[in-house]
Amino acid sequence: MSTLSPRPLTKASPVAERYRHVRATSRELGAPLSDADATVQSMPDASPAKWHLAHTTWFFETMVLKPNLPGYEVFDESFNYLFNSYYETIGERQPRPRRGMITRPHLDTVFDYRDHVDAAVETLLERGASPEVAELVELGCHHEQQHQELLLTDILHLFAQSPLKPAYRDPQPLGVGREPGEARFVSFDGGIVEIGHDGQGFAFDSEGPRHRALLDPYRLADRLVTNGEFIAFIEDGGYRNPLLWLSAGWADILANKWEQPFYWFQRDGEWWTMTLRGAQPVDRNAPVTHLSYFEADAFATWAGKRLPSEFEWENAAAGLSMEGNFAGSGRLRPKPAGPARDGALRQMFGDVWEWTRSPFSPYPRFKPVEGAVGEYNGKFMCGQFVLRGGSCVTPEGHIRATYRNFFPPDARWQFSGLRLAEDA
Amino acid sequence: MSTLSPRPLTKASPVAERYRHVRATSRELGAPLSDADATVQSMPDASPAKWHLAHTTWFFETMVLKPNLPGYEVFDESFNYLFNSYYETIGERQPRPRRGMITRPHLDTVFDYRDHVDAAVETLLERGASPEVAELVELGCHHEQQHQELLLTDILHLFAQSPLKPAYRDPQPLGVGREPGEARFVSFDGGIVEIGHDGQGFAFDSEGPRHRALLDPYRLADRLVTNGEFIAFIEDGGYRNPLLWLSAGWADILANKWEQPFYWFQRDGEWWTMTLRGAQPVDRNAPVTHLSYFEADAFATWAGKRLPSEFEWENAAAGLSMEGNFAGSGRLRPKPAGPARDGALRQMFGDVWEWTRSPFSPYPRFKPVEGAVGEYNGKFMCGQFVLRGGSCVTPEGHIRATYRNFFPPDARWQFSGLRLAEDA
Amino acid sequence: MSTLSPRPLTKASPVAERYRHVRATSRELGAPLSDADATVQSMPDASPAKWHLAHTTWFFETMVLKPNLPGYEVFDESFNYLFNSYYETIGERQPRPRRGMITRPHLDTVFDYRDHVDAAVETLLERGASPEVAELVELGCHHEQQHQELLLTDILHLFAQSPLKPAYRDPQPLGVGREPGEARFVSFDGGIVEIGHDGQGFAFDSEGPRHRALLDPYRLADRLVTNGEFIAFIEDGGYRNPLLWLSAGWADILANKWEQPFYWFQRDGEWWTMTLRGAQPVDRNAPVTHLSYFEADAFATWAGKRLPSEFEWENAAAGLSMEGNFAGSGRLRPKPAGPARDGALRQMFGDVWEWTRSPFSPYPRFKPVEGAVGEYNGKFMCGQFVLRGGSCVTPEGHIRATYRNFFPPDARWQFSGLRLAEDA
Amino acid sequence: MSTLSPRPLTKASPVAERYRHVRATSRELGAPLSDADATVQSMPDASPAKWHLAHTTWFFETMVLKPNLPGYEVFDESFNYLFNSYYETIGERQPRPRRGMITRPHLDTVFDYRDHVDAAVETLLERGASPEVAELVELGCHHEQQHQELLLTDILHLFAQSPLKPAYRDPQPLGVGREPGEARFVSFDGGIVEIGHDGQGFAFDSEGPRHRALLDPYRLADRLVTNGEFIAFIEDGGYRNPLLWLSAGWADILANKWEQPFYWFQRDGEWWTMTLRGAQPVDRNAPVTHLSYFEADAFATWAGKRLPSEFEWENAAAGLSMEGNFAGSGRLRPKPAGPARDGALRQMFGDVWEWTRSPFSPYPRFKPVEGAVGEYNGKFMCGQFVLRGGSCVTPEGHIRATYRNFFPPDARWQFSGLRLAEDA
């Protein structure tokens, strides 16, 4: 998942308040971590927590403060090299797979850096920021929320590498959820529908332009696929039947010996899984997560269904309340679905990102924004699939029905699961 | 590019005649090759010519003769292992990257195998084949035509590895073409259009079902991008500017040091290229080819345009005559465009496959056919982009306006180029 | 194994006769091969038969004819690039792992090349060659004999990759040998001994200078380790016990899942092995072969013994008759030991190369010869172990008691086995 | 470099004092490091400082306390998995390349672990340890000293990866040394000499048994090769001339684009190098270091000399005072040679490990010790070369004339350099 350029910020927004809230949240997320926890990079696709905390700060320093706050004093000139992610227009940077070599600065210094930048942003906002600046601050907040989610998924990955299986948060087991009952399928008419962000409030550039699309009638399951259902797939030999898999997925299975979702393992004949609360038994009633696209697609084929397209999903989600199991709840794990209600979709937001069958492609007339902030979702529009709806580690207030997350089809370390769909 | 399952064969078709024609063509394509030429595999994505000649024959033996010709005697039981491509339902097979280890049987034996199968197919057809069998034979013919094109692109790749740069065919230089003039853009209204094959005549399964799609107004260049235009991109530093490239493409450039189209090299300050006629000077007036998707996309960005979607291309191609520079001409290289005519698209068929911006995805309500022949375009619907229109090594009669070829974005050994598009 | 520079050729030698014999032998070795068999390269460490046949010819053309036969006309200028092995002083060459891309010239043309060079060498010798030239011809003959052995081991490797397991020669099974009885250990006093070639007759540069070495008393088994003994090692869990293995060998076992000697496989509960006569049952009485150094060393540790040093071996071999099971017998497989005789070593020459515990290092005062022919055993004196005694595919007359073959410790495709040793 | 099993501890030794000294030194070495510095693993061959500090402690806990101190309470059961290095007999362990994933325990906890074990060892020694236990403690001390050196070389490697080039110690530049003058060659007679440890005092198992060896007369340079001399090699194209290099070394140069010693870089036209004092200018008068075996060997060839054998070195070092520039000086960089004295060798101990031409092989009658401590130098006797004399980061009192260090020929991150030799 990457960043991002802004839609116009048209409605009055308490940007300073949002800024403080987001920045304080990041600090809280970093609190359980030691300097070492925050430094190590467990794989090239993951970044150290320290890097997330510093990079989001660098974004404000570089995009907001340097061009807009006269007299702003840069905290440390070397940070521009250390904490640039991939903005080619801004210059050279630490290669991504080498982010874990940055043992200095200390985590404490990164927090000092955050203080320094926060004070300057407050000054800027107090002086009365122009709409353009307010828009950039808002963009920076959304950008930081993306990194909050990644900080959590990356820490989970790191802790999963340790034989100690440390808990990021309270290692007490959560109660097992209620059996959610069979999924029911909700019907949608399709036809010509409006897709994409309408420009009211913030959105990333790839969510627009809003445009019309033509959909056939379709049906969506009213809840997410559960661990129990996925265990049935495993027990039916799902991981050993090539006919269920995309060719590239089958090659991954053979090469990597995948036989269960990421982070799962057997203990005394039971399925366990690594979580942000340490090693825990798999809850059969909760949504399955840490699936690659390949696994989600193979499961759907096995079940005689298919994955929804991102347009089907968005059309169904339009108008729904954005409630769900998000990071703020502190649960940090997906939760079994609540009781079914006729014709109502459950778990559309939060819990797990839902793989769609849609490759991440530009909408008609999409153009990246000019300048550094336009680097850009656009350059990732190749080899990725869209996920929708947010997860149990997505910050509240970050998600939208039009929000397009994306990952390569073999990515498993995000909280990614699925909802079944079929033609009507 | 892969295979394939049939649309119903509804119009009366001289299937025996088509069979003979296709089979004789393969034999001609193999004629310039020694046993060694036909055996070596130059990279895992390419197959030996011997393998193409035997695999297409194995297809008829396995799918047509064994189930339908009582008393048919298998030519050699071991060939089922050697020459199965990827049909999981049919059993184990020689691993793809090890196809070049098969020095036995000799190329002559493969031709004997072809004789044996051809005689049996003739017998079957003379006895009067059922519509189902006729359909399978037709499918086998189209399948073989796909492999004819691959045989040529794979031989070109092999010969390009040799320091001798041998010519597959007559090494005499071709005359340089006429300067084709600036491309003109032809406008299309879009709206709701019909896409996909209508079931009249043969098509592969992924070309259907025919369905409606919604298009914005758009414009297409009336000819392909030329070598001369691509040289301007190179000279403008196109290969050194990361802002022009998809992120995955830029990574490929850095890793592989791409600085020009595949097969190009400098000789005495001039651009030369390896071709099926040996090393030849680059013709600035001819269409550029052997581009990856990344290079096609970067060129379009540099030119201030974009690649067309596959629906835009198909909508523009619908109803055009399927004429062009195909394999049968014996030229085996792309040809400069003929004279422009107002509002008319040139070079839509033949010359080079045109990269579209469309990932290879299933059409609405697409379902793979049951059984082995349903293995299947569907399992390749991940990580590939669609190309349209055929090339100078596509057999005549193989292409259609609805035909969807597909390759990963880093593939360069096919005859792949581009046509520019823009929003109207 | 590599090449080589000459010792002075001091005794009168029928060099023309030797030349004819060696050259004719290569031709016979190539006879059972098709153009395709002779072209494919089955791994980077192996070379195509065509390459061996041409490279040895190129050696005579480049080292003997071009500098010494006025008016000699080069057969094909491009061959200098194609068939140079690694002589940096002579220029650029086809990269070793890409030797299999050379489908042209045809095998027939390579035989024409051999004719052309043979005729010129005959002319040169008839005119009366200087001692220096005679010495170079002799060197070329020994060089070609090395490649004769490699041609056979490389063809075996290639044919082992084919699911058809073709036989290079007569696929009839050989009779099973007699049980050779327990090995007996023969004692040697050690002390100050003379090691290395004394300059009488031909030797490679690395065999000298002759020098003194100090040996402790030691004992050598009177025969090679057999397949039956090695099966006992396997059945005792030898491949699963890390304490038996060198650290680097254990890493290889884990990475490559070695569980038996190279080319071995199970068929109906019995051990079989690929041979130059096709797939054959393992003969428990014959010497075990196709072992890496790691496997030889682990076996010796398991047996409570050790490998001999190369000096121990040479001291024991000095003065023995150079008889044994060589290539000329046409058996092309190791042979069970004949009857024991008190105090007499059996199987010292032929059958299998014997791994010694000696790294391939220069002898005191060793200096590579000047010029291209001095490229050179010396540059391989790193990361290799010495093997002694020749094998069942070594040409008669090629071996000596002072002969030092060498391979990296993970090499398994040569005919390599072991003889046990211990301190007295 | 690896470990180790003991020679009998025959002379009365103040083992408790040595223990305290060694343990306190490790603590001092860890003092400049943050938790993050001590956790990150910069390459598979290097280990985190935290790991070194804990592993050496685990060694005492496992080998000394658990079998010998009744009632000893293990500090943390999980540490047996985390901090075992490679002792197969002791059980499963964290894979070496994943040592950097261990962010927990905290560095402070590792120091608590050290306190816990130190207290228990003191108790054991106060109670009066048996000679066997005292021997194991002494072994543990030497083992820990080896890891002290590795801790420093591994931290240097880590800090070299950081764009900030942090200094482990005082970043002030050291004064440039005096020009040491031309090297003089000292002659040695050779003959039958005694090699290996005589059993008086501690030695690792691979240093024995003491035995006789036969040496030709030889000469050794009286000082180490300097940076200035190595710059002359670079400027003469040494890195571009394949004829100077071992074949495997030349392959490394091509693959890794080596053009200077490890850690060197150009700044404003001058050579700089990363050091434990941060980035520093290269001192032309100081010994060159961070060379692979390949570079040392190529330099010697270029200079018309050769590397000494380990026996030549040991014979020359026998009886010399073990004085030199060791870790205790706090310099942590090699130092220019002092004034020459006729016939006297300089810099034999300390400064840089001297590559010898000797592969690391067992001495005659060498047998690894039984049990876990016998895992063992022996299993590394393949693919490594011996280095002699210690370096500027070797602890005082750790080195001996018979000491055999060993590394693969491509290792560059140790303080490794060379002294020239020649035949007399």
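Residue numbering begins at 1 within each chain, and the chains themselves are lettered A, B, C and D in the order written.
The rule we apply is simple: contacts are C-beta pairs under 8 Å (C-beta built on N, C-alpha and C of every residue); 3 or more make two chains touch, one makes a residue touch a chain.
Keep in mind the model is a prediction, meaning the values are calculated, not measured.
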Set of chains whose contacts include both chain D and chain C: none
Chain whose mean Cα position lies farthest from chain D: B
Inter-centroid spacing, chain D versus chain A (mean Cα positions, whole Å): 47
Averaged-CA centre spacing for the pair chain C and chain A, given as whole angstrom: 59
Chain centre separation (chain A, chain B; CA means) in Å: 38
Sites on chain A at which at least two other chains make contact: none
Chain contact graph, described as a line, ring, star, complete graph or other shape: ring
Touch relationships between chains, expressed as pairs: A-B, A-D, B-C, C-D
Complex interface listing, chain A residues touching chain B: 86, 88-89, 192, 211-214, 216, 242-243, 245-250, 293-294, 357-359, 361-362, 364-365, 375, 379-383, 409, 423
For the chain D and chain A complex, residues of the former touching the latter: 34-40, 42, 50, 78, 81-82, 94, 98, 100-104, 106-107, 158, 161-164, 166
